[in-house]
Amino acid sequence: MCRWMAYQGDPVYLESLLFEQEHSLIHQSLSARKSEVTVNADGFGLGWYDEREEPGLYHEVLPAWSDSNLKSLAKHIKSGLFFAHVRASTGTATNRSNCHPFSYKNWLFMHNGQIGGYEFLRWQLDRLIPEHLYNHRHGATDSEVIFLLMIANGLEKNPESAIEITLAQILDMMKQKNIKDPLRFTAVLSNGEDIIAVRFSSDNHAPSLYCKKFEQHIVIGSEPLDHCGDSWTQVPAGHIAHIKNNAYQIKALPELLKMTA
Amino acid sequence: MCRWMAYQGDPVYLESLLFEQEHSLIHQSLSARKSEVTVNADGFGLGWYDEREEPGLYHEVLPAWSDSNLKSLAKHIKSGLFFAHVRASTGTATNRSNCHPFSYKNWLFMHNGQIGGYEFLRWQLDRLIPEHLYNHRHGATDSEVIFLLMIANGLEKNPESAIEITLAQILDMMKQKNIKDPLRFTAVLSNGEDIIAVRFSSDNHAPSLYCKKFEQHIVIGSEPLDHCGDSWTQVPAGHIAHIKNNAYQIKALPELLKMTA
Amino acid sequence: MCRWMAYQGDPVYLESLLFEQEHSLIHQSLSARKSEVTVNADGFGLGWYDEREEPGLYHEVLPAWSDSNLKSLAKHIKSGLFFAHVRASTGTATNRSNCHPFSYKNWLFMHNGQIGGYEFLRWQLDRLIPEHLYNHRHGATDSEVIFLLMIANGLEKNPESAIEITLAQILDMMKQKNIKDPLRFTAVLSNGEDIIAVRFSSDNHAPSLYCKKFEQHIVIGSEPLDHCGDSWTQVPAGHIAHIKNNAYQIKALPELLKMTA
Amino acid sequence: MCRWMAYQGDPVYLESLLFEQEHSLIHQSLSARKSEVTVNADGFGLGWYDEREEPGLYHEVLPAWSDSNLKSLAKHIKSGLFFAHVRASTGTATNRSNCHPFSYKNWLFMHNGQIGGYEFLRWQLDRLIPEHLYNHRHGATDSEVIFLLMIANGLEKNPESAIEITLAQILDMMKQKNIKDPLRFTAVLSNGEDIIAVRFSSDNHAPSLYCKKFEQHIVIGSEPLDHCGDSWTQVPAGHIAHIKNNAYQIKALPELLKMTA
């Protein structure tokens, strides 16, 4: 499983979240507490918003803890809305094109989870990507194809519906192919204004998703960034968290709840 | 344009061809004589046959001349049939999944050229790849899709026909999309026993392809490896060279000649 | 020879200088006009000042033109004083520790040139580095040792004298070892406030150094960034350019002139 | 702590030891059983002997488990004497110049351990390297400087004495600098004919060193390669193992025993 975090609030240097927390993402990448896979060393990525319309992106195949550039960038880049992701590959190659977050225009997307039986579905899934989006298929991951399908399904106009349609589409295809492995999907999306985080699984093991409100900002992540796990809210499976203006709201997505085992 | 060379003959250390020629591929990667693009520094690759059934593969994104591993590998790997390729990207990313040679079972393939208007055709071309071959689509290049289509079109049984069918298929699709840019294609294939090299273009600028017979071996390449260009035979466009047991034969492929402008 | 540029002026996105000039550094890295070596693909680096005391740093071993991160960073990082450098190795390995610019506290340094016979002098030169600076010796280049010697020789208090003492020290050592190859040295230094650029060679082939004043900024570089070379001032060998507050001054360093052939 | 293994015996494909053991080095690099540090993802390296006088070398900064080249090389390279090493950095940068094994002429060296207070000793240690060996100082690790000092102290003529002199020299310097941290040193050396492995620490925590004789070969390693740890012989601290012609002998080095706490 991958690990990730996202921040919304007063602009801060990225290092304050990436390095200076007691259980920061960089520390997490070396050893896990609440996740099954021990090491997240198969590439990492950053996406951040500033005054420009499209987000900044940084992808690297080295382990996050040994990338000297990351230390300097995190010390000099300031943002009020950013994503960070450390990858543990579930099969596809370690190269930059397979690193999260993925971007499209002003949108960022990152993901933890897995489409069960992806190797038997790649052909079908890629064929669902419409022609006008196909040149945005840079890598070979399930994560990227989910993102492109969400865009095809109206992400820019109605994210909640795009999420529901896309997951239903994938589950349907898994059913046709008689795949028994689950679809696990915890994802974070942003258009540069607000953040949407979804937690879902077709079985009862949805990848974890935590939120915490601080005075001037909100942090969400695959794990708490400190050891006071109690002060973090776990988003229930089948739910969505909507983060805007230093506040978050959690609500159920009825279609997702229906699709849960 | 990319550059490449292939060797068939008595087993030799790779360095004797890759480094020790006056106009070796590694020197070529820094500066060109007969090719339009100056620098081939967007990744490189080796493929070689030995006692194992499947060929060995080495891909790197650094420029070939600055990869310390390549120097040592070329000094220690011995082969009687090998391929080497230095890439100048025509648009897709510099990552290992996009480096030549590509492999499938006991087959190797590498390529110099370009599908005109590839960015408008990727969607259509990927859809031609049959389901059982789709997990061999690791990168995003036109080269890889051509190779997979050749396999789909019977490469293992009848290479010449597979080449003709595949190029016709692509030209047909280019026509449908009203693409005016040419399909330029010089490629080398091997099953580990013999080598097939093809030279083709839909206009009259097919990428160059040279052969030379030495006492104990044959070399083919995008350029002569020495400065006595005269002693190298240029394969005509629309023709195929077949290399086996230290000899080569050149013959026309009538279907290819028909498709040439 | 390496290539480089430095900027001082109103804060701008790095891309406006790195990518958007007709003869930008990234274009230069692929082909040369005024420099002997064709390709600068042995690593590159950025250093930039912002609100933090120490400069930001980014080093990469890929060719600058094929690094997807560089494109995004240059689009999102804004600075009023920055350095960029593309390397053509003169012998030492292509790794990040050997990439310019080098940093020390609030200082940046980058360099084009070569200590003649460096392979015979490395032992002596490294022994001149004082103990308290030795852990700043990360790589193996002549450039880094020159920078550390300048610091040892009082760079922070009196840059001009530090430059003169250091070059004299190196020339002296070359003489002792009876080295006939020249010491060629064009370098750029900054403390985050102003920029100092030096041009020197012990023979009459000092690496080039150009300045140009624009309305709101100054650019210096190993080559003009546009094709109107006439509007750029070439700094004479043995001279120093001092850039501050959108103006530059050129003056001779008498000790350097004495050391020129 | 780093991890490593070495093989002497009938020539085999490297994959049979690197990948196909139940507790192979590649598996170990992801999770530890007998070592303190969890993850060995800060670069790795191979060194192997074949018909050529100097050993082959392969160094990479990616984690060993995600390097696609390693899989193919290990499947195609055959050797009767080879070294493999996965690194967990104790401070110096992750780059190829810092990856084990290190080589000199026909010699290979790799190491697990640490010079206590190395950051306070680097200046002194580098000054002990004689001038004629200094251009072999490619990186910045303590491991490389120990190797170069051993060569300076007569490794090629008398390895045991070179080991004793070098460790005594380093301990002496640590004493002068009043460093309390231990010198821990488990190392493997070969001239292409036989292998010498040493286990030492100035405290009583020498890094582990195991040997096992199989029918046609000997394996030594920082850990057993299978889960029958009982069948592996742990070399005692202060001892040396000498491997030749499919047999190993363990003996005490009296000078090392004296230097142990």
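First chain written, first letter: the chains are A, B, C and D, and each begins at residue 1.
Convention: contacts are C-beta pairs under 8 Å (C-beta built on N, C-alpha and C of every residue); 3 or more make two chains touch, one makes a residue touch a chain.
Small disclaimer: the values here were computed from a predicted structure and weren't measured.
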{"item": "Chain C against chain B, contact positions shared by both copies (same if over half, else different)", "value": "same"}
{"item": "Separation of mean Cα positions, chain D and chain B [Å, integer]", "value": "40"}
{"item": "Where chain A touches two or more other chains at once, by residue number", "value": "68, 93, 96"}
{"item": "Chain contact graph, described as a line, ring, star, complete graph or other shape", "value": "complete"}
{"item": "Complex contacts: residues of chain C adjacent to chain D", "value": "93, 95-97, 119, 122-124, 126-127, 129, 131, 134-135, 137-140"}
{"item": "Touch list for chain A against partner chain D, complex", "value": "30-31, 38-39, 41-42, 61-63, 66, 68, 89, 93-94"}
{"item": "Touching residues (chain side chain A, partner chain C) in the complex", "value": "48, 50, 52, 54, 56-60, 68-69, 72-73, 75-77, 96"}
